[in-house]
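All chains are identified by letter, namely A, B, C and D, in their written order; residue positions are counted from 1 within each chain.
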Amino acid sequence: MMLAMEATALAVFMERDFPEVAADFVVERADEQGLCLRLKVASRHLRPGGTVSGPSIFALADVAFYLTILSRIGPVALAVTTNCAVDFLRKPKAGCDLLAEARLLKLGRRLAVGDVLVFSEGSSDPVARAGLTYSIPPDR
Amino acid sequence: MMLAMEATALAVFMERDFPEVAADFVVERADEQGLCLRLKVASRHLRPGGTVSGPSIFALADVAFYLTILSRIGPVALAVTTNCAVDFLRKPKAGCDLLAEARLLKLGRRLAVGDVLVFSEGSSDPVARAGLTYSIPPDR
Amino acid sequence: MMLAMEATALAVFMERDFPEVAADFVVERADEQGLCLRLKVASRHLRPGGTVSGPSIFALADVAFYLTILSRIGPVALAVTTNCAVDFLRKPKAGCDLLAEARLLKLGRRLAVGDVLVFSEGSSDPVARAGLTYSIPPDR
Amino acid sequence: MMLAMEATALAVFMERDFPEVAADFVVERADEQGLCLRLKVASRHLRPGGTVSGPSIFALADVAFYLTILSRIGPVALAVTTNCAVDFLRKPKAGCDLLAEARLLKLGRRLAVGDVLVFSEGSSDPVARAGLTYSIPPDR
């Protein structure tokens, strides 16, 4: 299988189309198995106590899966999240970046479905799990 | 039924314990039926194109349900989200605040479950629906 | 708003297209607000201990929302569930039928989204809550 | 890691405590990675057209994850499902058994969280994905 976009192309796309978002993330890997995205944790992502906030984890999972879809179908900016279900499993480790491992379970003509595991860097116990569905515009 | 915390007490609590978060939200109503929370939409909540971002909608639903729980059991800062499933239904209207209507479906000793409908102000078609579960610390 | 199918028409459709399923359910009400479906609880729906099983509650919510869609768009047998998320809140009361209250939150061209509250007959505390998404065939 | 219950012990437990359910399922494997459960598809699991019904897939995922928990903590009959979110991805193949691959993402004192992929036997494209949360009784 050939990817429609590799890690570098995904970073360029994000930088251009979602500049505010792009500053937070690094595509660590994009391949047939899926994609790994890093959240460069900064103070704006934290709750009092130093834990990464729920919305930041949500954003990480959502962007990771969006880029996974793009890696297969190319730069379709109009794909939109229709459902995202997050299980919060453990507190993220303080002072660590988060890594999201996304995989695609179905890429249909209209819907893409996948899931994401989120880890504190250096740990193998997941911080969160997310299931996501994206709607893909019909006229691509 | 008496509420453990009314709208004003909830605002004071949020201001003190979650100051960054508090700046975004206004408790419009807290009563037996549930709670209504306003997201004061600002540019930091927007995606390119002017739509409120998914993480901002997630945060609104999550805070709305958290405050609903507190309105019943008092200021338990340690209640944590264990699951949040969001259906994104429609684009929010540009230039409008969002209003979240939260209701409590179960308040157990260990888990609280509820759901939230999110509307663009002035519209009756929901922008998003979220189902949430919180874990409540045992020693309250 | 006119319904495309009233309660009687829905019952006839179910009887003809899903005869095994039809035996379990009664459409109690179909109107603009949504639909109420009864599960006629029988021994085949029970787990040891006399509680209605999870799969039976799932089926009730799924059929209730399916019929809600049909009440709006007519007998489209090919609409299929793409996502169903159920929160189990309380044990159903023994020896009681279950009632599902379904409402439609979005009826798009491709997706229908709604939710369902399930009650033991005569009780106002929900047994379960479900969020559902259906994919609607494009060529209707 | 030692399992609290191996595949044979799980089958014996199911046979004794859930005899009606036991007839439908075979534990194919239970190990550190998780558990594989087979649904022996019979006519009672089918919808018109010969596809395995949604409730049957729900039941398969739910039982697979329940047994996965038991494989770690032993025969705790009172663990109960609090949330199950299923994405239906593809039609199951006609005339095939279904296999569920369950894994445990978190085993806390009060909650267990995991997910399940369901396949038609002989196929590597998943039919469904489920995320599950169980509440574990405190006094074990």
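Just so it is clear, contacts are C-beta pairs under 8 Å (C-beta built on N, C-alpha and C of every residue); 3 or more make two chains touch, one makes a residue touch a chain.
What you see is a predicted model; the values in this text were computed from it and never measured.
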Item to check | Shared chain contacts [subunit A and subunit C, defined touch] | outcome: B, D
Next on the checklist: Among all chains, whose Cα centre is located farthest from the one for subunit D?
Outcome noted: B
Item to check | Comparison of A-D and B-D (more C-beta pairs in contact) | outcome: A-D
Item to check | Separation of subunit C from subunit D, taking each centre as the mean of its C-alpha atoms, in whole Å | outcome: 24
Checklist entry - Whole-Å distance, subunit A centre to subunit D centre, using C-alpha means? => result 28
Item to check | Whole-Å gap separating subunit B and subunit D, where each centre is the average of the chain's CA atoms | outcome: 34
Item to check | For subunit D, residues that touch 2 or more chains besides their own | outcome: 82-83, 85, 87, 113, 133
Checklist entry - Which part of subunit A faces subunit B closely enough to touch in the complex? => result 17-18, 47-48, 53-56, 58-59, 62, 80-88
Item to check | For the subunit D and subunit A complex, residues of the former touching the latter | outcome: 85, 87, 89-90, 105-106, 113, 115, 117, 125-126, 129, 131, 133
Item to check | Footprint of subunit A on subunit C - complex, ascending | outcome: 82-83, 85, 110-111, 113, 133, 135, 138
